[in-house]
Structures are given as C-alpha cells and as structure tokens.
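Each of the two complexes below includes subunit A, the first together with subunit B, the second together with subunit C.
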Partner chain A sequence: MKKIIALALAFMMIWSVCTAVAEDVITLKIAHIGPTTGAAALYGLATLHGAEIAVQEINEAGGKYRIELINEDDEHNVEKVINAYNAALDAGAQMILGTTTSKPCEAAGALGYTDRVFFLTPSASSTAVIEDKDNVFQICFTDPNQGRASAQYIADHQLGTKIAVIYNNADVYSTGIRDTFVEEAAAKNLEIVSESTFTDETTDFTVQVADAQNAGAEIVFLPMYYTPASMILKTAADKAYAPIFFGVDGMDGILSVEGFDTSLAEGVMLLTPFVATSKDEKVVSFVNKYQAAYNEIPIQFAADAYDGIYILVQAAEKAGITSDMSPEEACDLLIAAIQEITVDGITGSMTWDESGAVTKTPLAATIVNGEYVFED
Partner chain B sequence: MIFLDNLINGLSLGSIYAIIALGYTMVYGIAKMLNFAHGDVIMIGAYVAFCGLQYWGLPPVLAIAVSMIACTVLGVTIEGLAYRPLRQAASLAVLITAIGMSYLLQNTALMIWGANPKSFPTTFINSVSIRLGRLNISIATLITIFANIVIMVSLTLFTAKTKMGKAMRCVSEDRGAAELMGINVNRTISVTFAIGSALAAIAGVLLCSSYPILQPTTGSMPGIKAFTAAVFGGIGSIPGAMLGGVLLGVIEIFGKAYISTELGDAIVFAVLIVVLLVKPTGLLGRPIREKV
Partner chain C sequence: MTKTKRKRLIYNLITFSVVIAAYLILQHMIDAKTITRSLKGQLVPICAWIVMAVSLNLVIGFSGELSLGHAGFMSVGAYTGAVVSGWLLNAFQMENTVLRLVLAIVAGGILAGIAGVVIGIPVLRLRGDYLAIVTLAFGEIIRNLVNVLYIGTSEGHLNFSFLHKNLPESAVILVDGAKGAVKIKPISTFTVGFVLILITLIIVLNLVNSRAGRAIQATRDNRIAAESMGVSVTKYKMMAFVTAAVLAGMAGALYGLNSSTVVPTQFTFNQSINVLVFVVLGGLGNVLGSVISAAFLTVLPEVLREFADYRMLVYAIVLILVMIFTNNPAIRSLVNRLISPVKALLRGRQPSALQGGDKA
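And then the complex of A and B:
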C-alpha cells in the first residue's frame, strides 16, 4: 500500500508541477467508481454521466474549484471493485464518488475505512454500506427507509390493503427493503397476503406471480432491480393479472432496457426523489444538458451523481481541501464538513448525520405513457 | 385451478428444457462428448433473432430462420475447428475444450452486444392469451409445448427412417465398425451438430419469448438444467431427453409452488440424485453391459 501511495504522491507532484497555472485555483481529483459494463451497467453509466455533467458545469463556470474526474469500472463485482479502487488511488484520486451499487460499495468502503479514504455513494443504498464505517456517506435513501416510506405511501394514499411481496433473498438490497416494508405494513394495517422469493439465477417467475394472483393481492411490492422486475411484469401480463406494481429506486431504468415493451410498465409506481419531467428550473437545465450530451433521459442515479459532485465541492470548500492533499488528509476533514452542510440539489434538500445516512423527502412517481409522472 | 396453472407453467418450462436437452443428448449419443457450449449457442441464437426483430425489422418467421441458419453455421464451425481435431484425444480434453468454447461464446457476445440486458421483443406472440375460466394460458406457452412435440416426433422419425438417421445410429453404436462399413463418421457428426444447433436457435427464441431478458449469460443456467434433464431421462436417448426435460420443468415448478421458492433448484437436483441412485443410466437409458 505504501508503495502505491508513494507512487500516487509522486505522480500527483509531477502532475501539479505540469499544470500549476494559477495559485488560487484548487483542483479536486474525484474518482467515480461504478459498473460501466456488466449487468448493472445502466446504473454505472448513469452515475458517470450525471457526474460528468456536474464536472463540466463547474469547470466551465471557472470558480475557485476545478475538478478532474477519474473513472474506474467495477462491473458490479465485489472482487473487481477492489482493483478499481486501487486504480483510482493510483491515478491520484483524493475522494471517491461511488460506488454505484451496494455490494461492491460495502467491500470498497471497508477498505477505504482502513486506508482513510472518503466515499460519497450516489446510489448504494443498503445499510451495510455505511454501517461501522465513518468514511462512507450516502446521497440516496438507505434500503430500510425505502421500505418504510413505500408502506407509508401505500397506506396514506389508500392504494389497497392486500399486498404481495416478491423479493430476491440472495441480495441485501432486496431483503433490506422487504424487512422494513413488512414491519411498517403491519403497523399500518396493510395485509401481506402473499410473499415469495427468488435468487439471482431465477428466470421463471410464474410461481411467484401465480401466488400473488391467487391470493388476490391488489398491490405487488417489488423491492428489486429492474431486470427481474421486467420479467415479473411480463409474466403478470401473460396471466392477465393487473395489480398496482410498486417498486423502489432499483426499478428506475426499466424504461431504458433495449427492446422492452414499455406498455408492460404502464401504471407501475416507484419511490424516487427525482423525476426527469419535473418543472423545477435546476432539473430542467440538468435534463436538457444530459439529453444533449448522451441522447437519453437521465434516471435518478444520474441525478444523484450530479448532486454528488456538488456535495463534494461544497464539503471540500467547508473542509478547506487543497489540490495537493492526500486522500488520508482529506478524509477526516471531509467527514466533519459534510455533517455541517446543507445541499440543495436536484434530488432535494439534503443533510447528513454521523451515521452517513442522508435526510430528504421521498416522492412517488407513476409510469404513464412510458414516462415518469409525479403523483403530487 | 392453481394446480392446473402450475402444471401448464411446468410443461412450458419443461418443453424448453426438453428442446435444449435434445441438443445435448444427440451430440452425446453420437459423438460421445458433452458439448457444454450448447447453452451458449442458444444464447447466440436468441441474440441473432433479437437483432432480426429489433434492428433489421424482419418478420418473426424470417428472424427465426436467420437465427437457425446462423446457429447451424456456428455449430458446424465449432465442431470442425474445436472438436474434430480432438476426435482421438482423451474425453477429458474434449470436455475442457467444450467449456472453453462456452466462455469464448459468452465473451464474444459480451463484445458484440454489450453487457446491458436486452428485453426480447415478445409482442409478436404474446399479444393474446387464451382464457379458460380463471386460467390464462399465453400463446407463447402453447407454441412452446406444440413445438416440443413436433420436434420430438420429427427427430424420432428422422433417426428411424432416413439414411442419415440410420448412419447416426450406427455411429452411436460402434464408431469403428460404422467407419469400416463405409459410413462417413465426420460428416455424420457434423450433421448431428447442425441439427442440434438449429434446435438451439429454436430453443433460444422460445426461452426468450417466455423469459424475455437476454444477456450473455442467458444460456448458462438453462443449459445446465437441460443437461441435467438429458442425464435424468437417460443421456443419448431422444425420448429420454424429452421425458427428462418435461419432468424436470414440472418438478421445478411444483417444488417452487408447494415446497419452497428458494429450494426450487435444490429439489430438482435432489430428484436427479435419487433417480441416478435407483437407475444409474437415467429413466430411459440403455443399461450398460460390463465386459468382464
């Protein structure tokens, strides 16, 4: 490790000599780590692109800070994320925007805890990501909060009382949300009439869907990523079963799967703090720039990462981070600074406590004509 | 009603396993090798059909035909390049080559089509589902079961009645003797691969019509299950692959529905172990005579 740090420092020195233009401009080296290839590439590319838009804005605005964005691919893999993390530090990263997905983030975050590297994850939402690690902070809700908020939303808006839950019991993301959802549903007098599980290898969902259908569920809660969700929607359509499907942030992205029949997702609801069709000025500006650059509508993950860059800059300003600080030096300063700031981003107004969890208000969106629309 | 529903789902899943299992069993029966790349030929077939439907705007029948041709060419090429040179080598060498071929195909698909999962366009067959009381049967399910029956009947007739079929049976029984009798063993094995791969294309389309997520690893799990089905029914036997596949699908669905959704796969493999303990050559396998 020492060798790597020494190399990184040497590299940074040479680099700073070469690029020392003006004394007062501070260059922050931020590494984005996420799956830009692999099964979860949609999320990693979204966070990368969202971050790139923010970096471009900040660099073009020409203020006190310049950002150099380093990108490393972890393929949503707990082994490869370690290589990505090391490569990012070798490239001179001072802080990390990442990682995008939960399991890799647990692994890299734990390593960052011992190495003293600051992590701000846009979208890794399991509690294990921030548990026992003072160096990792989240921009999205933790999974338990998503489950709780979903149950509250369903009860408050009286969407139905008979609920089926289908979840992936091989995935902490899915089980984490399911646990608090079931707990909160009981408190709100919502009846769970059917509960079934699947694993990462499952491709056949006929049993799970039939169980929900035969139990007469009015709402099917799907705490999972969009890939299995799209198969569940297809299976339900085949069986002419049309309850309200209620998803969480992993459902975001289902509309961008190539070849997906978006009519299957019609009426699907999901909790998300960001909707691209919002009329909010900052959101409109972000969506326009994103569309111009990448020719697609940004998903929530992109918005989270966009906010992430601004959060890091604001925290760096508060902490007085300079261009030549090592990740170790910056880490503790950033940990203290992020707890003192309030960031008004496109995903809401955010504050953090020492646990690393964010505080902001969730909103529910419905898919209508292949687009997300806010309920209220 | 739920019992019937599960039975139909099981038959549909089992029919897909059965068609894939045919590919394993034919190649094993005739070339005496386990073609572990078979599952990945299915995946390639599904991708080609996906391209046909999504990018080239072909009508479904034509897209399936293109996919079958592509898979046939691929299957024969794999056999010619990778397996034929190893015809006299130890069976372990061939097995390892097949596993290597499987990875090669997966990574090639990753390179060409990327890692993002694609959703197989299914609107052309599942726009209608038939209602029988409370029971809904999708057209995809019916087509799958029907295709399965047609394929099995025609394959049985092919091996029983045609000259090539006879040659296949000869090669399967005794390769050396068949060669002495003037049968072109290499050509027979190539034809076997061609048929197996064309079936793989059909299996790929049917698989993705029922379970529409398409990614480079799509073929591996169904491939392993179908291999299990082939062993279950008695590897080398065509009706055995059929029976094994259908039973495996039904057991999997019933296991998930009535015992536990988590243990579905475990139940499948547990049944396989029990069957092999009682009948080591599989349900319809020929008993192996030990020469002393």
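And then the complex of A and C:
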C-alpha cells in the first residue's frame, strides 16, 4: 500500500512538473497520414520527410510552439485510410496534415467533416477532396486549375496549335487535368490532334507516341507523374520525334529518376509551384537539410508538406490553439483562421478562401542543361 | 444418422453463438464508450469481409471450385449499392437510412447474382485450373468495365453512359469512371452488418445441410460418381456459385456504403486472393473458421500498426506461423486431447450441453 502511494505521489510530481513546463510552451499534435508503404510510398514518404524537416526546425528554434508529429500509413487505400485516421485520433492528434493522395483524402476528409477534424492536405489535388466539406484545405493546386493554366499558358505564349494529349485514364489526377485542359484548349482555339491513354500497368508507350507523331502534333501534353513521362520521353527520342513536351507538377522529379538519361528531358516545359534548384534562400536551406537527412533531392510533395507544417502553426497561432484542445474544438477555429492568414512558403505565397482551394501563382519552367530555367 | 445430425446442430449452434456473443460484447463496448475509434471504424468492414469469406467458402470448400474473381462480385454489389442509395436519396428524398441501406443491399445482391449467372454459365463448364483462371479474368473484366462507367441521376431517372462521360448537365453524378462511386452518404451500420452475417450463416449452413448441399458436396468429392447417381453437376455447382455471388454482392453494398467513395482499384484480384486467404486459413468447408479468420486477419494489420512500415512483414510471418501450426499433426492432437473432455461431456449430457452452447 505504501508503495502504491509513493508511486502515485511520484507520478503526481512528474505530472505537475510537466504541466508547469507546458504553460508557456504549446505542443501541437499533428498527424501526418499518407502511404509510407505500397505502390504510392514514394509520395507518402516525400510528404512525411518534408514535414519532419519542418517539425525539426520548429522544435529546434524553441519558440512558442512544439510539434509532436504522429505518422499513420494509409497504403493509398480508401479502406485503410479510415483506419489510419482513427488510429491518429486515438493517438491524440489535434489536426491532420494529409492525406497525401486524392482518393483516400476524399474518404477520410468526408469522415472528418462529420467528426469535425481539420485537414490540410499537401498534395491531394482532385476537386472532390474539398467539395462539400468545410474542413479540408489544400496546399497544392486543384487538378482542373492545372489543366486550365497549362492550356492558357500554351495559348498565350503561342507555343503551337496542334496538341497531342497522353494521359492515364485509370488515374484521377491525370484525367482531372486532362478534362479541363481539353475544355480550355477548345476555348483557346487549340487543336487536339491526338489523344491516347494508358494505365498504371503500361510500360510500353510506342503506340501512344506514334499516334502523336503521325498526327503531326507540335506539343505533347503530359498530365501525369514523372515515371511514365520518363518512358514517353525515351520512346519519343528513339523515334526521333521532338515536339515540345509540356508537363504539370507531377513532372517535377523527372531529373532524379534513376537510370534516366536527363538529356532526354532537355526542352521539357512544366508548370510547377516548386523547383528544387531555385536560388531562393528558403528553398536552398530546405533542399540542403533534406538532402543531408534523406540523401535525395526533395520533390514537390515534400515541399508542400514542409509548408504544410508552417501553415498549421501559423493558423494555430491565429486561432489560439492550446495543447489540450480536442480536434473538435480546434477544427472550427482553424477553419476561420486559415482564411485570414497569408503564408510565404517555399511553394509560393498562399492564401485560402472558404472553398478550401489555395491561391498561389504557378511558375513555368523549361529544362535547360539539366536544370530548371524560369520563364516569366 | 441422428448422431451426425446432433453433431451438426451443435456445430451450427456454436457458430451462431460465437457471432452473437461477439456482437453483444462489441455493442456493449460501443454503448459504454470503451471501444477505441480504430476498432469501431473497422466493425463494418469486418462484417463485410466475414460475409465474403463465408460465401467464398461455399464455392471453394463445398463445391470444390477455385474461384479467383470473388472481388468482382463484391464490386458489383458496392457500385449497385452506391447507385441505388444515391438514387433513392436524390430522386425520392428517402431519408430513412436503414431502409435505404436494406434496399441497396438487396439490389446489390440481385445484380451480383445476375452477374454470377452470366459468368457461371460459361465458367462452370470448365474444371480445376481453367476455371480458376477464367474466374480471375472475369473479375478483372468487371473491374475494367466499371472503370469506364458513368452513372448520374436527374429528374428521378438514372442516366448511364459508357467510355465517355455523357450525362445531362443537371445530373447528380453517382459513378464517375476511374474516380469510382463518388459522394456516397455513408449509411452502413454495425447492426445491419451483423444481421447480414446472420442471414449469410442461415443461408449457407442450411444449404450445405440440405439435399442440395449434399449434392454439391458429392460433385466436389467425385464428379463422375455424382453424375452417375443422377446428380446434375452443372445445376448444383451453379447453385453454389450464384448463391455465393449474391452474398458477395450484399457484402459489397454494405462495404461500399460504409465509405464516402468506392474506387475500382479496391477490387483487384489481390482482393480476391485476400478473401481466399481468409477461407484457407479458416479451413475449407469450415464456416466458423472463415468467420474467425476473416475477422482476425482484418484486425491484425491494424493491431500491428506500432510496427510501422514493417507491419506487413510481421503480418506475413504471423500468417505463415498460423498456417503451419494449424496444420501440424502434433499440435492438432494436443488440441484434440484438450477438448476431448468437453466433447465427452457434450456427448454424455445432451440437453444441458445444448443449453451450454446457447449461452456461450
């Protein structure tokens, strides 16, 4: 009995010491949810690593806020993401940085809407992610915006009028961008001369590239991630076909594909809010830290998540979030706060409206001598 | 004869009482709020996977055909459920969620049953490995068709289009090609899932213990002998296959309506293999085994979450160990020796034994 009392007293003492420290420092519990295993692990690990860099910076700086990062794996699966979300809340998460990919984010965000949990997704870009929900905000552009912006850019800069589109028709990201691109292209009097599709399993792009070549396309629009894009560039080079290849933010990372001859990517244009080779001070610092920690060049997903942590901290400060707030209490405060702040991150200067979509300017880059060069 | 009948009765009673007891305990935990969010969120998927496993066991364990396209029927059910629920809500403003869920599950079962008949006619002419490959192909065909299917609802009608999205402007989109079934209002409940498990158990246990069930098992054990006794092999194999398809469709509707979105990539043949693992682990022809292994293997990866990225590795190791241990003769005889006094007790005092089974 004595032992128990002694133990209880000891615990009480530790507890009081802890709470005494916690009075001036606020600990935010943020859960990162993304696929850290499985086929989409590349993206989930990128967002996790990006977030970890930011958390480390904030905790080391020793300001008003400390961050406890909880990581849950969703395997890029709409059933597992619900489990990951519930596990994160069981672990005491107050807000969620995630989820990394679109379909899982749609499922978890909808559940978060009824539960009242705040979501800030670094990279889930489909419109369905934010539609009909007031609790989900995006850091990346929505897919339709990217498609529209790409068509506008091509038309405004008169890059050509005959366009071929190759897209992944089993992928939400790819089809989402393609739909608005085609729509906007028609409005801008651009002619789509060839349109061909592939799926996640495709490894041979001869048919698609030949179709674009035979149709005499001057521009080939590639709304996809960089892995299939690298194969398309290789195939086109083999066929001595050299149109302008125009990509979107998923193209970022093509220069770091293993075994890919980067000279094939010469002249490729892409719209992206983040480039790792930028000379901007904050970007350089982030890229250096990231390379030191994970021995690779960060892709855009990592940059989005890095910004995400800073956005959450800034919003939490504005909303007056405290260590002991429940996710339900924090949710509405954060929703109001994020619409009032402007965040200058490494992916641009960002603001949000009540729709949940971000406002920031995309940059058009061309790959010259294995580096991004910005157009104005 | 009476002895086997009694044995069967006891087995069925144990099966039902395990399921009912599990439901009562979990329901009590929900009411007392002692359940974790994580477990609570998995209850409906567990119910769906149990129904999937039991229905696949009917095909594999009782009719002896290796079907690898079971997830295909589940996707038919999931999509049908999502469409029916969305349509009833938009066109008829049916706010009663339980009624909508039940109608969606019934519709999911019917459509998956029709798919089962269409697929079963050519497939069940084949045997063994050929049948396995063709069911696998059909599962993939269903998934790829769903990938280019667009369904909307406007003015009380359902609009369909295929390959290209060609729906009226005013339509509320229910199924959006590769994006899957979208904007589903999640209405599945644990209780409905539990009732679905009970219905599945009643159907499957009654079927396998009926005249038709004995015919199904006869076609499994010796096709030629069964045929020469006048048993129509195709008819009985079809009966098992279509029943399993209907149940898988119902499970699919329950599963689909548990989430706000359903995508075709959830129903790849990997998922069929997953259900096959449930069945094999639980034991071919062992219904209670299927129930337990489906529940166990659905919860296991979540329990292993603390192993982070290594959990699927741990999962695989656990799976291998369980398979080895349940098939080890030494361990089996040990288990038999341990439960033999209980069995003797059951044999000795029949009436009280039945009551005991009821309470367990």
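The definition used in the following text is that the second predicted complex is superposed on the first by the 351 of 376 C-alpha atoms of A that agree within 3 Å, B and C clash if a C-alpha of one lies under 4 Å from a C-alpha of the other, contacts with A are read in each partner's own complex, and residues count from 1 in each chain.
Everything that follows uses one rule, which is that a contact is a pair of C-beta atoms (placed from the backbone, for glycine too) under 8 Å apart; a residue touches a chain by one contact, two chains touch by 3 or more.
If you're wondering where the values come from, they're calculated on a predicted model, not measured in any experiment.
In the superposed model, A:Val78 makes contact with subunit C only, not with subunit B. Once chain A of one complex is fitted onto chain A of the other, the partner contacts of A:Glu328 are absent, as it touches neither subunit B nor subunit C. Of the two partner chains placed by the overlay, neither subunit B nor subunit C lies in contact with A:Asp156. In the superposed model, A:Leu89 lies in contact with subunit C only, and not with subunit B.
In the superposition on chain A, A:Asp280 makes contact with neither subunit B nor subunit C. Once the two complexes are overlaid on the shared chain, A:Asp344 sits clear of subunit B and of subunit C alike. In the overlay built on the shared chain, the residue A:Asn169 is in contact with subunit B and with subunit C.
In the superposition on chain A, contact of A:Thr37 is made with both subunit B and subunit C. When the two structures are aligned on the shared chain, A:Thr206 is found in touch with subunit B, with no touch to subunit C. Overlaid on A, the two complexes show subunit B and subunit C touching the same residues of subunit A, namely 37, 169. By the touch rule above, subunit A contacts subunit C in their complex via residues 36-37, 71-73, 77-80, 82-83, 85-87, 89-90, 103, 106-107, 110-111, 126, 128, 131-132, 169-172, 175. Chain contact summary for the complex, subunit C toward subunit A: residues 36-38, 40-42, 45, 147-148, 177-180, 182-183, 186, 259-266, 301-302, 305, 308-309, 312. Per the touch definition, subunit A reaches subunit B in the complex via residues 37-39, 41-42, 75, 169, 196-199, 201-204, 206-208, 210-211, 214, 227, 230-231, 234, 237-241, 257-261. Interface residues of subunit B facing subunit A in the complex, by the touch rule stated above, are 1-2, 5-6, 9, 13, 50, 54, 114-123, 126, 129, 131, 136, 138, 140-141, 210-215, 221-222, 252-253, 256-257, 261-262, 264-265.
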